[in-house]
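Please find one structure pasted underneath; my questions will follow.
Note that the chains take the letters A, B, C, D and E in the order they are written out, and that residue 1 is the start of every chain.
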Amino acid sequence: MPELLAVSALGLMLSLFLGLLRVLRGPVAGDRLLAMQLIGSTGVGLLLLLSLLLDQTALIDVALVLALLAAVAAAAFTGQELETRDD
Amino acid sequence: MAETLIWLIAMPMAGAVATLLLPRQSTPIACVTAVAASLVAGTLLYAVSEQGSLSYEIGGWSAGLGIALRADGLSALLLMMTALVMLASSVYAGTYFTKAAARARFWPLWLLLWTSLNALLLSGDLFNLYVTLELLGLSAVALASFGGKFAAVQAALRYLLLGLLGSMMFLAGVSLIYAGYGTLDLATLTLAVEPEPVAWTALALMSAGLLLKTALFPLHFWLPPAHASASAPVSAVLSALVVKVAFYLLVRLWMDVFADLVTPAAAGLLGVMGAAAILWGSWQALRTERLKLLAAWSTVAQLGYLFLFFPVLLALPPGPARDTAFGGLVILALTHGLAKAGLFLAIGIIQQRSGHDRINELNGTAQRLPATTFAIALAGVALIGLPPSGAFLGKWQLLAGSFASGQWLWILVTIAGSLLAAAYIFRVLGHAFGNQSYPRHSVTIAREEWPALILTTLAVAGLGLAGAPVWNLLESGA
Amino acid sequence: MLTAHWLYGISGCLLLALGLRTALLHDMLLQRLIGINVMGAGVFLVLITVAYRGPGIAPDPVLHALVLTGIVVAVSATALALALARRLTAEQDDG
Amino acid sequence: MTAMLVLDILLVLSLLSLATAALATNDARRSVILFMAFGLVLALAWGRLLAPDVALAEAAIGAGLSGALLLTAVRDQAHRALRSSRKPVHERGRANLRVTLEWTVTLLCIALAGLLAWALAQAFDRAPKDTLAQAVSANLAISGVSNPVTAVLLNFRAYDTLLELAVLLTAALGIFALGPARPGHRAAGPVFDGLARWLVPALILTAGYLLWVGAHAPGGAFQAGATLAAAAVVLRLAGRRSVGLPTGHTLHVAMVAGVSMFLAVGLGLLVLGRPFLGYPPAWAGGLILLIETAAMLAIAATLVLAFFGGRPTPAPGVAEKTS
Amino acid sequence: MIEVMASLLTVSGVGFYLAGSIGLLRLPDLYSRLHALTKADNLGLGLLIAGLALHTQDLLIALKLVLIWLAVLAASAASAHLIAQHARRRETQS
């Protein structure tokens, strides 16, 4: 099983690496954000695998935080700020 | 007695909290804090002169696992100078910021800056020093941008970026030290360190970061705009204290912790950079149109003298000769701190009264503000290094040490720098005493004029005439 | 010396140099700031690598604590820099 | 474990290529997105190197908050801030000088990396000197907590953490002094609003969990504070202007909560005849939790303030109280 | 038996992830990528988490795993929506 976990982790890392290529290539911001979304959820999966592989239960909490914040980037990027300043 | 060490840090920090929570009473709270912290600094100075070095283990954990605060003669003297400059500048700042809302925002940052200065001078732990450097940098930047003028914010942003760069270099050195020696405690490290690649790479990284922060030529370019565009009380402490504590840390590392590693070539390099700083800084001070920029460039030059001491000290044999020269370094640093702070406060008064600080239009200042003009003249005496100022004693030791070790170049540079300093000071005084009839001749000293006058008097008379205790203190605290 | 030490240690040094180069040379504030943060990441990577003792062995907690402190400090500084920058551009637009 | 080695190599390559790409571009927005991806991969690296505490902080900060912070800065055009200072290069001589400078700096940086790596290799080659780690585990039982990282942060080196909170306070005050906050976001559409509706409570619960768990497992005040701040950021992004950060005096109290609780405990112990921050072992756990709770509030308040970019103004209709 | 199930789920989860990344690289435009991707990574993580949940004996951890999956599902749906909206807005603007 550890071997299988390690190979699975490697598979996810590979997937993440491919996702990064899209982040690097773009061409438009939407593409990069979409790829960020993918590598975010890949990162979550990878952390879960690593938590078993390295016997670090705490990495599940890291995955949880990452999962909860996964939408913040897209929201911060696409959200529209108010124009008027009322000060 | 060792509790004074922690009080020196806790007191301004508590003052910062109190001024923030009670904005209406912030000015009285800040003044009380300033007086109390100065008294504690005085107590520490007395305690170190009586008992020698003091140390305090925070949390009761032995140094290494925990963090120790340490004070010897050098740090006690610099803490006292910090207290004097901060106290005087606090009194001045109370009158400088006329709006209550501005004062309420100013005091917490001001007291946090004081906290960081004291924390840096007392820290005995390398990583803790990194945190204090960041606290110092951030509070200095926040204060430099205070008021929000475009030039000030721009200079503050540059200052912040370079300061961060310096801190990161320092931290890189710290991590190397921990990797190699497994400790962060300075005292433990002093015993463990050996001349080997790990140690000297770490020292080089930390020194590079600190040289950036202490603005040694050619890393000085951020200093004049940042110091000249800040408000007067802030400029005073930036020039007098903030760059100086970074220099203190360099001295601590080169002369104390890593003393075995320092080679004549490395010290010579610092000397050459210092010499360049003296000549370039003084030249720029002579050419500038504005009084504040003059003072800022003069800081670049004066820091250069301090670095000239490195090759001189290293060439002298360890023992009384070196100790005497070292005392000269300390007294020069102290004099410059007091004089430069006084100079900036005096310039602040001129700027507020006449609405500008253009040197060519200072005519009549001597008649209108005699006390302030006198303070500038006193500061000038200290900056040039004339007797009886403390700077004279310091430069005398520098010359004597250079003479004894046959380093003629430093003698030439010191003399040239002093002549240039005389030129830029007399240029200012010449304009200030310029011929202008002025109707009223009532010699009054306004409240805001006192701090500058007291600081510059201390620099000239206090340190110059009573310089001997400095040497005694350095000896007893060693 | 473990393979992980080699890999991650050298990467830390490279990140430090990369960040430093950008912080010194880049024209734009944001990239300089990111450069400084990359530099910090490099130093932190070195520290965490030093703390690492190999699989199944408890790493050095002191270094982990130092890195946590360092991250907080770096974030504070970045936040202040961005606020200063915002103030600058706001004034540039006004005047 | 060749799979692990390949994984390590891929991880390191990702880090280096992301950093290079983020720093090489002139497009600020692109640079920020790449830096966020860098933060995410960095969190994985911390996990891989058995530093879950650091990974938690990086996940909350690097992948979430600082990304949001930098993205709003891009929208403010903050990247233009220092640009005007460098005049466009006209003469050929200046251009050559610039190229020479770039090459010199690049070579110096490469040399620095090499020097550092060489010195580091020498440090690794010695017998591991982990006396400090041993001292930590020897004293862990009387530290009040069982997570050694928390023990170092809040007991053995609590003074560092006190100063760190002072750094946060300084940054908050600096931002505060610079002017009012951004106007805020438009109300988000139903999709994000629906997400925020359950995400915010989930983040707050997670923050509480991380604070509590920090005593015996990875977690603690900083991770909890960053998560709490993320909740406020989500609210802000969803366009809820009136909630998220208190204004006026309440905000001041939140900002100084960490420093004042630390000082109160430290000086209180000093008055009782113990060393500054020298907790009696029996009280240590409780005092540490007390300090951590206050620190969490301060950290969250500061990070949200950073995202707001200035003094938050009260909701429209409420007159501003003078401070 | 459970062991085999868990392994099978994990491996197929990774397979979906890889398919998603390759799709991200190969598909021609943003909208088709959006379409393919949201399915791939949700399914991939779902399978992976199912596999890992079979592995663990701890109920709290299993619960956390499910929570993580739900969070990623929601975030992914919301981000996809926001990105599509953003892209449309850009198109109508230009």
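Heads up, the rule we're going with is that a residue touches a chain if its C-beta (ideal position, glycine included) is under 8 Å from a C-beta of that chain, and two chains touch if they have at least 3 such contacts.
Bear in mind that the values here come from a model prediction, so they are computed numbers and not experimental data.
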Walk from chain B over to chain C along touching chains and report the minimum step count. 1
Report the pair of chains linked by the most C-beta pairs in contact. C-D
Just how far, in Å, is the C-alpha centre of chain D from the one of chain B? 31
If you average the Cα atoms of chain A and of chain E to get two centres, how far apart are those centres in Å? 10
Roughly how many whole angstrom separate the Cα centroids of chain A and chain C? 20
Can you list the residues of chain C that touch 2 or more other chains? 16, 19-20, 24, 29, 32, 46, 50, 55, 66, 69, 73, 76-77, 80, 84-85, 87-88
Residue numbers of chain D (touch at least two other chains): 1, 50, 53, 65, 81-82, 116, 120, 123-124, 128, 130, 132, 136, 156-157, 160, 164, 167, 170-171, 174, 178-179, 192, 195, 199, 202
Among all residues of chain E, those touching at least two other chains are 67, 71, 74-75, 78, 82, 85
Per the touch rule above, chain D residues touching chain B in the complex are 81-82, 85, 115-116, 118-120, 122-124, 126, 128-132, 135-136, 139, 155-160, 163-164, 166-167, 169-171, 173-174, 176-179, 249, 252-253, 255-256, 259-260, 263, 266-267, 270, 274-279, 322-323
Per the contact definition, I'd like the list of chain A residues that touch chain E in the complex. 1, 4-5, 8, 11-12, 14-16, 18-19, 21-22, 28-31, 33-35, 37-38, 40-42, 44-45, 48-49, 52, 57, 60-61, 63-64, 67-68, 70-71, 73-75, 77-78
Which of the residues in chain B end up touching chain D in this complex? 3, 6, 10, 13-14, 16-17, 20-21, 23, 56-61, 64-67, 101, 104-105, 108-109, 112, 115-116, 119, 127-128, 131-132, 134-135, 138-139, 141-142, 145-146, 148, 153-154, 157-158, 172, 176, 179-183, 196-198, 201-202, 204-205
Interfacial residue positions of chain D with respect to chain A in the complex: 1, 3-4, 6-7, 10-11, 13-14, 17-18, 21, 29-30, 33-34, 36-37, 40-41, 43-44, 47-48, 50, 52-53, 55-56, 59-60, 63-65, 67-68, 71-72, 75, 180, 182-186, 188, 192, 195, 199, 202-203, 206, 210, 213, 217-219, 223, 227, 230, 233-234, 237-239, 313, 316
Going by the contact rule set out above, which residues of chain D touch chain E in the complex? 189, 191-192, 194-195, 198-199, 202
